[in-house]
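Heads up, the next two complexes both have subunit A, just with different partners, subunit B and then subunit C.
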Partner chain A sequence: MNSANSTSQDQFSSDSLTDVSKNELPPKVAALSPTEWLKANLFSNTFNSILTVISTAAILLIIRGLLSFIFNPLRQWSATATNMRLLMTQAYPEHQYARIWVSLGFLLFLTGISLAFWRAGRSVQLSQVGKRLLALGAFILLATLLAPFSNKATIIWLIIGIFIVGIGFLLKPSHEDKTVSSLTLLSGAFLLAILSLWVIPYGHHSYLSTRTPKILAEPGTVAMTTKLPWTIMFVVAMCSYFLGSFIREKIDETRSKAVLSATWLISPLFLLFLVLRDPDFDTGHLLSTDIPIFLFFSIVGSVLLLWLTRPDIGEKGRVISAAILFVGFATFLFQMLMIVRILTLVLAFFALAAPTFSGQKPARIRYTKVWIASMVILCWLITAINTPSTAKVPGDFFIGGFAITLMIFFFTMVLAFPLGVLLALARTSKFPIFRIISTTFIEFIRGVPLITILIFFSVMVPLFLPDGMDLTEIAAVTIAFIIFEAAYLAENVRGGLQSVTRGQHEAAEAVGMTNAQKTFFIVLPQALRVAIPPMVGQIIATFKETGLLAIIGIFDFLYIARSVIPGQTQYMGSTRENLLFVSLVYLVICFAMSKASQRVEKRVGLGER
Partner chain B sequence: MTDNETKSSVRGDRDLANAQDIIVCEGVSKWFGDFQALNNVSATIKEQEVVVVLGPSGSGKSTWIRCINRLEQHQEGRIMVDGVELSNDLRNIEKVRSEVGMVFQMFNLFPHLTVRDNISLAPIWVRKKPRAEAEEQASSLLERVGIPEQADKFPGQLSGGQQQRVAIARALAMEPKIMLFDEPTSALDPEMIKEVLDVMKELALSGMTMMVVTHEMGFAKEVADKIMFMEGGQIVETGTPEHFFTNPTEERTKLFLSQIL
Partner chain C sequence: MTSKFVKLLAVALTIGVVAAACGSDEEEAPAAAPATTAAAATAQVEMVADGSLLDTVQARGTLHCGVSGSAVAFSETQADGSVTGFDADYCRAVAAAVLGDANAVKFTALTASERFTAVQSGDVDVLMRNTTWTQSRDTDVGMDFGPTTYYDGQQLMGRASDGFTANSGAADLEGAVVCTNAGTTTEKNVSEYAKLAGVNIELKTFETSDEYWQGFIDGACDISTTDGSALVGRKVKQQPADEEWVIFPATPISKEPLGPTYGQNDSKWADAINWTVYATIIADEYGVNQSNVGAGSSYEGELQRLLGGDGELQTTMGLSADAFHQVIKQVGNYSDIYNRNLNPVGLYRDGSANAGWKDGGLIYAPPAR
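Showing the complex of A and B:
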């Protein structure tokens, strides 16, 4: 090869290189200077200029109005601050308050570990952070000038604004490569918030379960019983995150993710009914009734299921499962412990599903293990709910406020989801009777406003119940939420089911799968993936709808803010402050959920299709 | 060894004359609403036989082949598969389906499962095999269809030819006695057709009973023991490839061949 040839080749390759870089990088748009940007975007012609001026004026007026509302000396913000505990947990007994912190701490511990395992957070460019801070600082400065502040307050806010603008200026020119994790930013923000508890006089805190409030802190400080636990909570969350990132490399990740997800589902039940409700177990009753029932069902059920999951069981198995189902329904005709009825029905369900999961020994043993685990959880849960609580609380439920909002939301989601899937399957089933029942149910529920269903359940249903069965109002209302949401989720899932092509059904049938196996292994996984985005929307809507609890007189977050606190002698008529606070909390949580859901959608959509 | 020699030698091994009948159709008819898609179809397929079904579009080839594992239900006549008559009895259907493998035109792999899970799912839950054994079998089947390295990918990450080979492996994992193919190469780019046909040839040589709907005349000439020509829901002509391609008796067959060759 001669040299001329090689040089020409070099030229050729360098040419093609520049070509490639030209093709792949989008042409750089020259950054507009601020005045150019204004001209291009806001004042491009007369009409746009007028619109810009008018809307700016409107925005400024609204901000000014809001600020003069918030910072009006007449506002009783101390009503919200002082009653923070009431808002969050209603009158949970003070000497047992540590239970709340333990529960919260456990959830934060789970959060920390999960964030680490799912590698949450993305990297944000420092220059972007700088821009955001600049905007925030500028907004604070503007707001300070607009707000009717006292001189001292104006100076303090101006200093804060300038400080933030300063940091923004420092960060803005940083290089594109310099990034920071969004988790770091978030925990930084939390750290600042918690530090501020130690420094800033938010108001003096008292505990208002009785008529004479007990002062917990000197005026102008935050009570130690608030700031210390929160600081510990922060440390717990941080430590568990680092613990999570430390152990995630060392253990089987898929498996531990499955364990984590299961813990997320089960732990709220434990926290609510074991830690928070603190049931006063009666050893005698436990030994004479509860434990024998548990042992009976676990042992008899295991033996039965081990037999029913044999591959060669055939028709006999179906007959026996149907018989158990029949017995399960028959128990409602006789005087009997509720737990026996429920467990019999659950056993019938497991027996009916047995042929789907039958197989060799390991598969059968696995199925039996699932049965025993369900028994442990169900027996323990039902027993705990039936045991009187040691947490003596006015009203007929052991907790209220934001906690009950979250609790009802949790139960709704966890139970409405499987019910919705069942309804959707029934609605698309071959059997007309299932289709008719499910369609009628769904259309009926969707045709009635939620508030009607809630009132119906809280007022009427307890009257209809047979003797010997009673339902607390909270349980009745939760059931109302569950059936309402299930009807809507069913429609979302049905959309997903319809998106599964006929070819998928045929392929599953052609390899000899039964209908149940086809549904469980092939159709549902694909349908649910499609249904995730609409379902998340539905979940967010549900969370907001929990506000309706206030209307039927349950001591939820909104009810305490709207009716309880404004009734206290010191805080007569502080409704507006509290409502503003409640809206802010709802806003933040819904916003966070929708952001999180967008990322989940992205992740689920990737790769596999 | 040329393909022809292979075929004749294998043919020599197979004693088709004395083989058992494995699929028997007697007067099978089927209507979609008022439209008759199958009209009195009668045919017998013997064990280890390779039958290619030809015919113009809309002639009822797919309908017939899908009746044999009851993805469609026939309304008149009888279909016996390996001694079991197809009726509304669910147990018969499941029994027949686990003995008849089917490969579709559009592959129909399960998009949410890896290739390995696609293949081992049915053996585990339908045949009740231990998972380890099923996965081992999946690996050896992937080896057999020539893509052992793709086991952990998802179907969406494979080429069409690879997907169809996975689909064949998935059907084979049930250890079927009969394989049905409904235009297995029609959705493939030309360069991928050969890799799928090669797998099918290998399968035919190994003694699998096969019923193949295809437009690949080369495959039909080379591999088929018998060719059935359908039109208007009827079997118009049946014969060996030599007879069929060189010396067809029916006018309609001649017309079809003149259009296609």
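Showing the complex of A and C:
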């Protein structure tokens, strides 16, 4: 893995000129002795000394308070542990649970392969690892002394702390050249965590309900339904990583990376609808209606688009595209299948955009391929959504809890992003009508609190719908999230658009690009690059905002923790335990996203070029 | 640039109009074909609703029942996602009566604010969501209420160490910090109660009930107030060994009759639900319960009719003759449902308002004849 890392470094340095500076080592700073360090950093003058003492006392008190809370025998941690399945997926049927593990396993498989192909992970010096371990061990020792543990527990924790400190001491003096990949460290940590499931008695993970008495696991152990799948998941992730490292040398890398990226984008849709929801397809209807419609639009559309992208088509093409658009809108006046209306409109937009992508034969064929791919995805989605699910659960929906938080987050991001870009383009457009519509929309949405929009969509919209039209609450609030986030993303993108200098526009016009070509190939790539930091901030904010679903009573992660589990007779009064667990999960995920975004910023060279 | 755009638009419009004019005949065709999206299919089902919701539910084969999903002992969501509790059992009872299968229920968890909308938009057929029967809800909001299944009432709870006893009253509240959930009628009731007695209280409200109980346990509140049923449950489950909590006054400060709620002006549906509730009460009066119920023909008189023997009236209601026999067999009589769900939280029928009318309580059903 070390070699893999140096290769990626080389790739970067060949990419950009300024990176040369990275290869020059910075001048060495003489290390301070501990007393000197203390004096320089914590006790440099009277005021700072007082501040140090006060804040140390405050931190120690907070740690002590938190530990006494967590380890208080009155805490009902079994409420969280027993309801883990409820927290994660609400009421997904137990006998179908394999579907969830298959989905997760596939995503982990993709993760493993992708990590190998992109040569992720950086090398960490062993001495650095030693320093971190020392700090961690010291913290555990300190915390053990502060915590109100029993004698036995204190001794166990002290031994653990001393053990970690010992490893830290051994590693700290190792030579600078000795490094280890951060991936190795991460997988080591996961391995430890998973092994601990088999060894450490985490608590009473069973539940008894009066109606169906059932014990998930012996008291004091972790249920087999938890530890076995997680072990398999770990093995899958590791194996796929090694598989990826093995095959990446043998096949065309650029191509496989493209395939991987596409799989990442598409797989959630297929996993969600095929694996988790298990649609009950009506084969007769599929063969008589859905597949013929798909074939008709793919073939006729491909021929049409191949012809429309000819460079010499001229004004004729635009007239025909406009006609298709008109027919697309006209279909809404007549009774017909919704799928036909949608596909006609999509075809119209592809036809309108055709001149932008016109050119030589390969370019035209590529455009047609994109059309067929969109047809596959759209037809699949429309058919899958309209087909009833066989996964029947007591609640509203086939899945809930943390899974619904993730699902709404995923769909919001995937759909709000293109909508946001379109809104930003419209707001900077020369046509007043687009500008006015977009500005009104953005300012209106940004002027209303998210919770108001959510309540509107969850309570009012079902009343406004015409007879026979049905929108589940989940779908309604996802739409609410999409329009809200799109308005904010639009402003971020607009900031990026304004950062593209006049010269870029003029240069694009000088080489004879059309408006659309200029926007898609010159302006947007530069604008989006600049907009990455605020957009990532918005994405993290969106993830946290999904917590608002709890207020409108959707069984999301937070609602189950805050209202549903304390509503069980056995676990009255367990709100605080559950909330602590939920905040930990949110913290870990948001921190990971923030770290990932810093990587992306480095990768696109923001602030350096 | 602009003129080109306008020209283009004009051409497109002309072509479009011509296309639409010519094409209108052709486009009738797909409309006549069996064009059924999921939305259209739903419309078909809703068409039956011209009659009664009862026919819709029977055609659909499942009962959509609105519950709270997080109310201790009334509708709890268990670790495996199943819904249990007093209200949930009444959903099952209605399903057993209407569909013959107590498990043919789709539970929808609703917040207090969305419950009535859910009925109006047809998302749920009936609400079993500890909803208090009030004049405004019965008239303004457009709901109808079934027979009360649980007579609740707001009470207060304090610590014996603060000098509260079971005989305490409004006068003892002077200066007390009173905690309750935000946005419920309990808040209004307790302010009115204190105002009438002319005492000053400090009201503190919390978003969820678990949170204000935490406040009470931590000592941030002197008094906590909510429906008596919840007070008893909390006292049983959460009273620390070294404290004594007391509930007062003996007569609740408000009336909270809880029962099934459904949309108004649908007598057939209302009858089916009301008589399901009455059947559980009548069976209880005769001591016929889940374990000893027999076929209707093995009884005489009222029970014979009610459980599907000679002279039964269920078929005239649009139910099967043995509908209520199924209710008792699959779900139980009133006592079965009550004891199964409410005894674990310390609520017993004896001596409460929920005892049978022969035992001095309020649970009463009209005769089945």
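Remarks
Here is the rule we use: the second predicted complex is superposed on the first by the 562 of 609 C-alpha atoms of A that agree within 3 Å, B and C clash if a C-alpha of one lies under 4 Å from a C-alpha of the other, contacts with A are read in each partner's own complex, and residues count from 1 in each chain.
Please note the rule applied: a residue touches a chain if its C-beta (ideal position, glycine included) is under 8 Å from a C-beta of that chain, and two chains touch if they have at least 3 such contacts.
All figures in this text were calculated on a predicted structure; none of them were measured in a lab.
If you put the two complexes together on subunit A, you find that subunit B and subunit C both fit without a clash.
Between subunit B and subunit C, the partner in contact with more residues of subunit A is C.
Touch criterion met: A:Arg85 reaches subunit C, while subunit B stays clear of it.
Legend: residue contacts after superposition of the two complexes on their common chain; A:Asp252 is shown touching neither subunit B nor subunit C.
Residue contacts after overlaying the shared chain place A:Leu325 against subunit C, while subunit B stays out of touching range. Residue contacts after overlaying the shared chain place A:Gln360 against subunit B, while subunit C stays out of touching range.
When both complexes are overlaid on chain A, the residue A:Asp177 reaches neither subunit B nor subunit C. After superposing the two complexes on chain A, the closest approach between C-alpha atoms of subunit B and subunit C comes to 5 Å. Per the touch definition, subunit B reaches subunit A in the complex via residues 69, 71, 94, 97-98, 100-102, 104, 106, 108-112, 121-122, 124-126, 128-131, 154, 156, 167, 170-171, 174. Subunit C meets subunit A in the complex at residues 8-9, 11-13, 15-16, 19-20, 23-24, 27-28, 30-31, 35, 37-40, 42-43, 46, 68-73, 76-84, 105-111, 113-114, 117-118, 120-121, 123, 208-211, 213-214, 217, 233-234, 237-238, 340, 344-345.
Against subunit B, in their complex, subunit A makes its touches with residues 311, 356-360, 362-363, 501, 503-504, 506-514, 517, 521-522, 525-526, 529, 607-609. Those residues of subunit A whose C-beta lies close enough to touch subunit C in the complex are 82-83, 85-86, 90-92, 94, 207, 209-212, 214, 315, 318-319, 322-323, 325-327, 330-331, 334-340, 385-388, 393-396, 455, 458-460, 462-463, 465, 467-470, 552-553, 555, 560, 562-564, 566-569, 572-576.
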